[in-house]
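What follows are several structures.
One chain, chain A, appears in both complexes that follow, with chain B as partner in the first and chain C in the second.
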Partner chain A sequence: MSALTKTFKSMSKAKLAAVVVAIAVIAVFPLVFTNPTVTEIAIFALMFMATSSAWNGFAGSSGYFSLGHAIFFGVGAYAFTIIANDFKMAPTSALFFLMPVAGVFAMVAAVGVGAVALRTKRHTFVVITIGIFFIFQLLGFNLNVTGGASGLQVPTPSNWNAATFNNPFYYAAAILLGFTVLLYWIIKRSAFGLQLLSIRDDEERARGLGVPVWRVKLSAFVVSAFPVGMAGALFAYLIGQIYPQTVFNPLFDLSWALMTLVGGIGTIVGPLLGGVVLESIQQYLNLYLSNVDIYLIIYGVVFLAVMFWMPRGIVPTVVGAVKRRRGTPTGPTSIATSDDKQPAKPDQTAGLIVTAKGATE
Partner chain B sequence: MTITDPILSLDGVCAGYGGGDVLQGVSFEVNRGGITCIVGPNGAGKSTLLAAVTGLIKPRVGSIKFNGETISGLSPRAVLSKGVVLVPQNHSLFPDMTVRENVELGAYTIKDRQVVKDRRDKIEEMFPVVRSKAKDKAGSLSGGQQRLVEFARCLMLDPSLVILDEPSMGLDPKTLHVVFQTMRAMNADGRSILLVEQNAKAGLKASSHGVVLENGRVRLLGTGREVLEHPEIATLYLGGSVEAAGGVR
Partner chain C sequence: MSNFLRAVIDGVLTGSVYALMAAGLTLIFGVMEVINIAQGILVVLGAYLSYVLSVHLGIDLFAGLIITIPVMFVLGVGIQWGLMRRLGEREKVSMSILVTYAVAIILEGVLDLIFGPGYLQLTAWYVNQSIHVFGFYLPYIYVFGFILAVGLLGSLYFILYRTEFGRSLRASQQNKTAARLIGIDVNRVAAITFGIGVAVTAAGGMVFGATTAFNSNSSADLISRLLTIVILGGMGSIGGAMGASVLMLVIEAIVSTYWSPTWATLVFYMVLVLVLVVRPAGLFGQKAVRAQ
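Entry: the complex of A and B
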């Protein structure tokens, strides 16, 4: 709790105000927009904002791009469904409390996947995660416990009001998003977050500093699986029927990577922005135009446009532009090292003088 | 030369990287609260010596004691936790992390964030560059500034012994002066310094004690001034060897 308090205390008033407004907007959204189609789009947008944040929390912080996080989505979906079915749990709001359990199953899977994949370096890691992902998808198709290609039925609430049916799912997705953002906000400001950043910057240098590189990477990988597993459980409960190809879906990883890169990798806000924009577009196209594939073309165009004009992503580019307008120095700095006659410049040796006693000869 | 209160003692240390011993029975002591400078030509074994002290390699024979406790054979992390920190020869900052993040990374083993903050505040007073450039990327700093941030980072663990490996490397004379001034400030702040320096004149001049290594053996020991003024030093650095090891030893 103290970490949470410190986190809020460390925020500027403007940031705090933005967070309060965002929470308020998310809280009242389904009360204002009551159309179930709109709320369903919002559920998916929130879900993908959360999963993109989790993906970014690992990939953006460590520099290791995972194309296997959909494994944890699938494991979460299957764990939720199998437990709910086997224990004959009633499809009520209480079933949402099974989501963290599904998240734990995803974490367990992440320990195994990470223990193998994280033995490799960045580029190889990408390939290994793709390979392991397809192993899981194959298992989904071939195991009895997953129902094979026929998939599994998920208990569906039958007595909920049709007009507000989506609302519990919406708020569950909103809580998942809030939890994920808060988790990575705290991690980013922790010693663990610093170690992750040092690995992203220079893994060997981090090792030289004594950072337990493999342990830190594996921990971050496993932590990131938790929200993704919960999202998988929520997805299963919402859809009511899961198949290997729908929950072990390779396009999920591409979407999370794209949403993060478009918004700004390594930032808190980037994946949220990318997630809300791209997922909303995709769901809109699916629901209103009945075209399930056109979003891939739009994703490609958006990706190329952002990489061409804003290669660091939208958020870092905009923040950089605002800093430049305010006159914050962004270029390299150096100390004056010679007595050459130069045009008058600010004193660049400022800050080099040590103030402890005994410093002078 | 007798050191009454050594913080670090090496006794007959033989160590290498598997292809034979680079260090061949090195023995000397680092006095508490002083600055001890190790000089020697290329290949003398200076870097190997630091690797042995910081736990990167295990001595085959001999012992290394820190505060009277044997540390030879301990892992680098264990040596670090005893209060021995190394500022390596090459720039070791993380260029895409901010200066503040780099400095705080030095205390990643400390769980109490308040302790970290207090130390950072103290260090920012000592190193104004850490505060003034706190939000700048470390990679945007000059070589001299980066060296000072490395010093600042190493102090986050509140070490008793700071090992500086070639701090003057790649620095111009003016910046070098500031870096050595900083080293003296760290020493005045109560830390013992073990300095390895190619710039023998500058290193020995700034040090209370000097050690000359040659071919993996200690050839001269004395105060910084005694070693600096020893007639054989120039010969050694011109590629010769010390004929009479007696000297100031």
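Entry: the complex of A and C
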């Protein structure tokens, strides 16, 4: 804990103030905007900020570009629903405490998935995560316990006030977000976080230097499944009905990757910014235009634009520009969310995914 | 026995079409080290193009390829020239996955906007009529599609191994810097390769659309299968992709016959997982997946 307070102390006053303001804004948001449509958009935004952070916490730090994290979302959603139904739990606020249990189920799934997928590297890893993802989706469609294609009904709170119905979900999502950000903020400043970065930069060299590569990357993979599984549980509780294709949704992984890259991979703020902007746009278009196509097109175009104009993501690009204007010396290796007291870490923000080494040629 | 034979024949015939689509994917990877996630939606686009030509202009599906193949070729060159060329050497594979994924969802959105979510299937006399072989009926399109796929794969091999361009392509594949040094315009080779890799989806998409009901969503399933095939075959190896396509689709057809079609798809990915656990380089891969 002392390490934690030390890192807190190392934060600049401005940053601390920004965090306090952000927490305050999130806390009062549903009291100011009471329109249920707005709060629902906000719930999804918080949920995707949390899940993007988790995705970034694994993929952004380790360089293993997972397109299978939606597995954990689905496992969390199904675990939550099946437990709540089997034990005939009453749909009250207490049911939110089932979220961490669902998260643990997701972690168990992640041990199995990771044990297979992490044997491979680079593009093979990407493809095998897609493959394993489809195995889980097909299981969702074909097992008895998941209810097959007709999905499962989730108990819905019936006696909550309609006007403030969304608020418990909102605060659950906010707590999930807070937990996830804190988790990755701590990991990022820990030896474990540095070991992960060393794997991203050069796995063989990290192994040579004595980093327990396998254990570190598998642990990081499993840890990242926890918030995603909890988000899946929250999603199930909020929506009230789950289907294999809505919780094992291949677009989720793409969304997390895009949100992370748009914001800035490997940074704490990046996936938060990407998540709040892109998910709000998506939910808005979904609810008001009820047109998924336009959303897909906008999404793709925004993404291409960011990739080619701000290949490092919004946060590192903006931070770099501000620092340059201020005349602070900053190499391409500056870290958006770190401060100057941190020891220099190699190439944290610029590294899009895999490694700091060039191509193999 | 006749069921088994039928499953094998079915697998070989459809496998050849997958081999064609996968060959395009693996060819692109071999030369440029980029993975084209859009290959799935491009196949669907090929199917929609054939649909438009046959329904609105009354052009025969096979004759329509004379138009759709060049169109898809130009599109492929455009993607390479406009987007992929700008990718830096760093993180190229992962970045290419994202860029082509973005291209895929844009195309999916556009196709869904134009054609709607309803399923379509291409029709022609050879789709509706069947030949009687070994005691079962097989629509002509399976046979014609097989002939088309084998013919196009043959042409691909001819281009790769018997032409000046093929030599430049293989040189770029082996060593980009050395290829540049001996005067090969690597950018041009890359653009044409991407064009060829995408052009095959016109033919693949036509046969796919004639044998399967499709909509813009079919691309997710397609690209997952194609990636599975390409990985199993060893990235960059066209022969490997062909072997893996036929093998996988025969296995799928057999499981589908003796067990159930839903689990057949599961087997498809299970094979991938099992093979990669044992052999991370794929079934036919020569060397271990390159270390960074």
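We adopt the following convention: the second predicted complex is superposed on the first by the 325 of 361 C-alpha atoms of A that agree within 3 Å, B and C clash if a C-alpha of one lies under 4 Å from a C-alpha of the other, contacts with A are read in each partner's own complex, and residues count from 1 in each chain.
Basically, contacts are C-beta pairs under 8 Å (C-beta built on N, C-alpha and C of every residue); 3 or more make two chains touch, one makes a residue touch a chain.
No experiment lies behind these values; they were computed from the predicted model shown.
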Touching partner for A:61 - first (chain B), second (chain C), both, neither: neither
Touched partner set for A:224, first chain B, second chain C, both or neither: neither
First (chain B), second (chain C), both or neither touched by A:53: neither
Comparing the two partners chain B and chain C, which touches a greater set of residues in chain A: C
First (chain B), second (chain C), both or neither touched by A:261: second
Partner chain in contact with A:197 - chain B first, chain C second, else both or neither: first
Which superposed partner A:283 touches (first chain B, second chain C, both, neither): neither
First, second, both or neither for A:126, with chain B first and chain C second: second
Touched partner set for A:208, first chain B, second chain C, both or neither: first
Overlapping contact positions on chain A, where the chain C interface meets the chain B interface: 202, 351-361
Residue numbers on chain A that touch chain B, as the complex places them: 6, 191, 194-195, 197-198, 200-202, 205-206, 208-211, 329, 331-338, 349-361
Contact footprint of chain A on chain B as seen in their complex: 76-77, 80, 88, 92, 94-97, 101, 104-111, 113, 116, 125-129, 131-133, 136, 140-142, 144-145, 148, 172, 174-175, 178, 181-182, 184-189
Of chain A, residues touching chain C in the complex: 65, 116, 119-124, 126-128, 130-132, 134-135, 138-139, 141-142, 202-204, 250, 254, 257-258, 261, 292-297, 299-301, 303-304, 307-308, 311, 351-361
Touch list for chain C against partner chain A, complex: 33, 35, 83, 86, 88-95, 97-99, 101-106, 108-110, 112-113, 175-177, 220, 224, 227-228, 230-231, 235, 262-263, 265-266, 269-270, 272-273, 276-277, 280, 282, 289-292
